[in-house]
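In structure tokens below, several structures.
Two complexes follow with chain A in common, the first pairing it with chain B and the second with chain C.
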Partner chain A sequence: MYKRLPRVRRRWQLGLGAAAALLAAAGLQFFDANPATSQSLFLTAYSAGSDPGLDPADGVWKNAVPVQVPLTAQAGTYAAGGGSIPTVSAKALHYQGKLYVRVEWADTTKDESTTKVENFSDAVAVEFPAKSAASVPALCMGQADAGVNIWQWRADSQAGIKDPVDVYAGALVDMYPTKDTLFYTARAAGNPYANPDQGPVQTLVSQTFGTLTIANVQDVRGQGAWNNGNWAVVFTRSYAGADPSQAAFADGATTDMAFAVWNGSEGDRNGRKSVSAFVRLTISGTDLGAGGGDNTLAIALAVALLGGTVVIGAGLAISGYREKAAR
Partner chain B sequence: MPPVYNWQLGRQMDYRYPNGGAQRQFAAVFNTNRCIACQTCTMACKSTWTFSPGQELMWWNNVETKPYGGFPRHWDVKILDLQEKANPGAQVWNATKKDPKTAPYGTFEGKTIFETADGVNQVVTGYIPTEDEWKGPNLHEDTATAFSKNGVSLPEHSGWFFYLQRICNHCTYPACLAACPRNAIYKRPEDGIVLIDQNRCRGYRKCTEACPYKKSMYRPSTRTSEKCIGCYPRVEGTDPLTEGLPMETRCMTACIGKIRLQGLVQVGADGQWLEDRQNPLYYLVHVAKVALPLYPQFGTQPNVYYIPPRWVPRDYLRQMFGPGVDDAIAAYTAPSRETLAVLQLFRATQQIVFSYKVEPGPKSGEVKVGNQVRELFNDTVVGFDSKNREIVRVSVDEPVYERPAKVTMNTI
Partner chain C sequence: MAAIPRQSQPGAFDASALRYVVGGLTLAALVELFVLRTFTRTAIHIPALEELAGPYTLLAGLGRYAYYLSVVLLIAALPLLALALWRRRTLTGVVAAVALTAFAAIAAAAGPGAIPEHVADAGTLAAVVTLAGVAAGHQNTRGALVLLLFGAAFALSAVHTTLQAAAQGGLGTIDAHDLLFASEIGGVAFALASPLLVPGACRRRTALAAGAVALVVFGSLLGAGGPTTRILLLWNEGLSGTLPSAIYALAAGALSFTLLHLLGTRRFMTLLGFLLVLAGGVGLHNTYQSGLVVVGLAVLALSGPSLSPALAEDKSP
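Let's look at the complex of A and B:
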């Protein structure tokens, strides 16, 4: 649904617009953030007191402050549908040179089998700019001078790739002349996606639409768990990326980060998914305390930003209403 | 979307990519009148390419019985229905807007599967047949439309069915390729064969959804899609068996009903066939116009052509093969001397016939077709390979040998 813009912009409306811009800029300044790289959401990875491991239910996550990241239908070079998952709850920690990201979202259906042609898997991905990125990458799959590094966890991969005869107990097959890998064509062609030993997470690199490719080194680990209509997935990787096409992290550094969720029962795959905008991830030197670290600054700013936006929005809405009534 | 020319529809249409890819195109003619549904082609393909775990429900080549059968179940009815719903009452041909070269069947005034798609959720209108729909091919489909108490007679049988042989059409404007967001599908310039790169595919099944002929199939054991590869090592002549010469595919050469002829035709930058008068496929499709594309209205410009079954009600056939049906059946029922000669090339050799010539022979008889008496001539057709060397020679009259009354053991 598109809101109709008032036909005539009055001077005070322009004033409100300018105020909004200033307020946003002030916020960005406050955080010493480059407006080109930063959006209005901030996630901080505090230093964990113990190794969070891969278990999404590990107690160490309890104290980490989540950021609610809104998702929308993906609308990149071409629209591709999706949008059935409205938000993810993201947390981040680091421990001894490793970044941990935990993503949780509500999904009432646990879609982890892709044996049937009509079934698609639940999945989640986090995206970072490549270490080599010369500018801010395009959110959707990056661009030539600024690639992205995507870590994707898939429910069907975690459940394992199976032959249909192993899924359907009563399946009747006369015989297979051979079960040699050579005849699992995609596997023989070296497609990691068809490799049953790949594990649930793949790390991929991309430099624009249609160029998504598996990274040479698979060094991201992860694990998901579905409980009571919620998926929780943990990713982890060492700070250093295996090569410049992958993301790199450091204590005290900040980077951009985006999320995508696929809902299998909605037919989500490839571009058909729910995606976020870039979120600013800070790898803080502060220890994760019982209170979840010092996030007051961010919260104060967020409240200020929100307040400002509400005032501006209300102002514009009233003016629009008045104009409509006058017509 | 750039406009491309679709000569089967007699008009331009929208396609995701500009044309100009293929210089030669894999093409075939299937004579539905001769098929006995023995499924030898089907087994030839299966035993060559799809015998491994995960490929159980895959039949790159299949023969189904019309009007009730379909693999996957009701595939064509479903697409026709989607198209009709998207453009109600307007999926029509104008058979009078014709041109012998650029619009040989008339002009399709409805919308193609590319033109009815919303462009957001789908680049191509289609659907994914469920696993269940790929199961049990051919079950209960060998059924005529009616029991004809008093027998049947031409031109249209009152109770009828016929066999439809299907492989990937290696379309000029492949829907599978247009739908793939990963650029994992490509069309080879040297022969127009459409392939899925098994290294790049990530099992999105957009091709399975988009292909109107449902010839891109999902393989759960690798989570990728696979499809008919046009037996490319044979067509290339790189299969050891071919001794370096382009050879017809497994499903073609295995055909004991001799219904199939496959080859390579030359195409121009606009996707139209370049004039190649002595290529048997060019002759059958563009000169004799006896063979027609399957559901041309989908818009992919498919490259398998069918000689329609003579006994089937024409409205059904027009829906399936377009408005060229009446002329094609006429040209097959009373074939010219040249057509009769070219039809002898079907399954006369495994090598691809690139050109032919007809050597006239003496009159050998007369036959009554309808009310007309036709003369038959024992002409000889000679086929040549890519290097213009003679590879086959067949006469219209089949040579007859009489066995001696007393035969020895093991003589046939």
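Let's look at the complex of A and C:
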């Protein structure tokens, strides 16, 4: 009987330990107290000394530090393809209450015409949680209590609507008797891509898969440039969102941001694209540094990390092997 | 779970508590992985999901609860594992205990922003590499290769993230995105080599069958385009899915074989450690997933052939 006492006590201890763990977890969930911290990629938007404007080649961007974001194929319930662009390089700045985001990626083909039905446009989009989002939204078009705001730039929209005779050599087109919108059926139906005044950027909102639509207020501006096999696109918008379904920003605030890239020559369109996971975007009150390209510290850190991991890992493995052999 | 050893003498280290905590942590982390990180992220694609709002909300709540339970058990496991490793009174044991303690301190300090992000990243990387080295040193040669491959894949990805964080902090920027591709290869190589952890592998028909089924299922998912599978690979495991689909299918088959073989040969602690490493994934995501990797590697360090009697279960040379 006496021998059983420690075992009974141990069961009590285990039971109490389990109950304590279950209660502690319930408490954390109830108070939404998450002790874990994100260690994913992040991007800091420093304060620019002058207006970066829409030109991706503007000198002010040279001092902004990029983050390289890995992409993968688009999620979907069917084979959506995508995934041909492996990474994007993103920079961010802010100036007088406006956020500027510059996205750059390698693409050897400049696909900016969609007049032929078999042609598709290069494009890029950034996604933010809506101002009204109660939590971090689902990356794929948000969720009911946490919508997303998407800014999409398209190369074909920037290049403008091309005349069919420019695309199909030798084609004959009858003269249109009128310029009235009624005779441009897509424009008359409200298709924003048929509107020559739309500009290259659309701002869209969504609250779950299948609910993506254009926002009531189109206040995001953007411009892209293709040089030597690289696209660079700048987006800009004022901090304040037009309505709760759009993103809002503030000095010192942190939000999430995801990227999507369409490679037209690979047949990317709609859901067929390369996408990233969310990275964090912090809008810093600090002024953008002078830069200058001194990367000595970064190179030293890279060498130390890579060399250190090899030495530590291999050294401990050998040490442990010797300990084992000595036993 | 393995049979609980009897307490030997008053004051002796009670390994049974550690076994229960690690077992509970693994179970909770797997529920969190499959329900919260996988199901809720893919369920939004179900047409007319709003008609299933009740069951969906219930399941998502369960996933969130499993996450918080994992966090609690993770916090409990760190000091227990550090104590167990310290009590081995060997150089590697002490170093591993210090690495676990350092990781706990880093994770605690990173939350309120008490240390710069790149310092937290580098500290986590050092802890993972240290524990991978210690765990590798206490496996046989083939098992060591598997764990070193994981350590290398994790390190390459984490170095990329750390350099990016350092650049944002003003330390200068270098183009290091090739590290991600190297990490991808290392991560897949780790999975492909994982059967080396289990000696006499080919004699286990059940494990072989499970591996073959996983190969076919995963290969089918990826072969059909597999965008959902690929993005889940990125989100959950830190792999971007850029290599040919067949390689990932083989890797999934190899992992399934290894897990089933460990289960079949009753190497439960090694199984739990391996599952925790898989639940954490490759590279830096958050301190929770890094913690799963750290704890998983510490369990593997404790469950190797040369262990303290507390958790030792593997008798292979």
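Here, the second predicted complex is superposed on the first by the 233 of 327 C-alpha atoms of A that agree within 3 Å, B and C clash if a C-alpha of one lies under 4 Å from a C-alpha of the other, contacts with A are read in each partner's own complex, and residues count from 1 in each chain.
In this section, contacts are C-beta pairs under 8 Å (C-beta built on N, C-alpha and C of every residue); 3 or more make two chains touch, one makes a residue touch a chain.
From a predicted model like this one, the values you see are computed outputs, not experimental measurements.
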Partner chain in contact with A:F42 - chain B first, chain C second, else both or neither: second
Partner chain in contact with A:G210 - chain B first, chain C second, else both or neither: both
First (chain B), second (chain C), both or neither touched by A:P70: second
Touched partner set for A:Q158, first chain B, second chain C, both or neither: neither
When both partners are placed on the shared chain, which of chain B and chain C touches more of chain A: C
First (chain B), second (chain C), both or neither touched by A:A138: second
Intersection of the chain A residues that touch chain B with those that touch chain C: 78-81, 209-210
Interfacial residue positions of chain C with respect to chain A in the complex: 7, 16-17, 20, 24, 40-42, 44-45, 47, 49-50, 64-65, 68-69, 71-73, 75-76, 90-92, 95, 107, 110-111, 117-118, 120-122, 124-126, 129-130, 132-134, 136-138, 144, 148, 151-152, 155, 159-168, 170-177, 180-181, 224-228, 230-235, 240-242, 284-288, 290-291, 301, 304-306
Touching residues on chain A, where the partner in the complex is chain B: 78-81, 114-118, 120, 156, 161-165, 167, 171, 173, 176-179, 183-191, 193-194, 209-210, 212, 269-272
Touch list for chain A against partner chain C, complex: 6, 10, 13-14, 17-18, 21-22, 24-26, 28-29, 34-44, 65-68, 70-83, 86-87, 138-141, 143-144, 208-210, 275, 277, 289, 293-299, 301-302, 305-306, 308-309, 312-321, 323-324, 327
Of chain B, residues touching chain A in the complex: 51-54, 56, 119-121, 123, 128-131, 134, 181-183, 197-206, 208, 217-224, 226
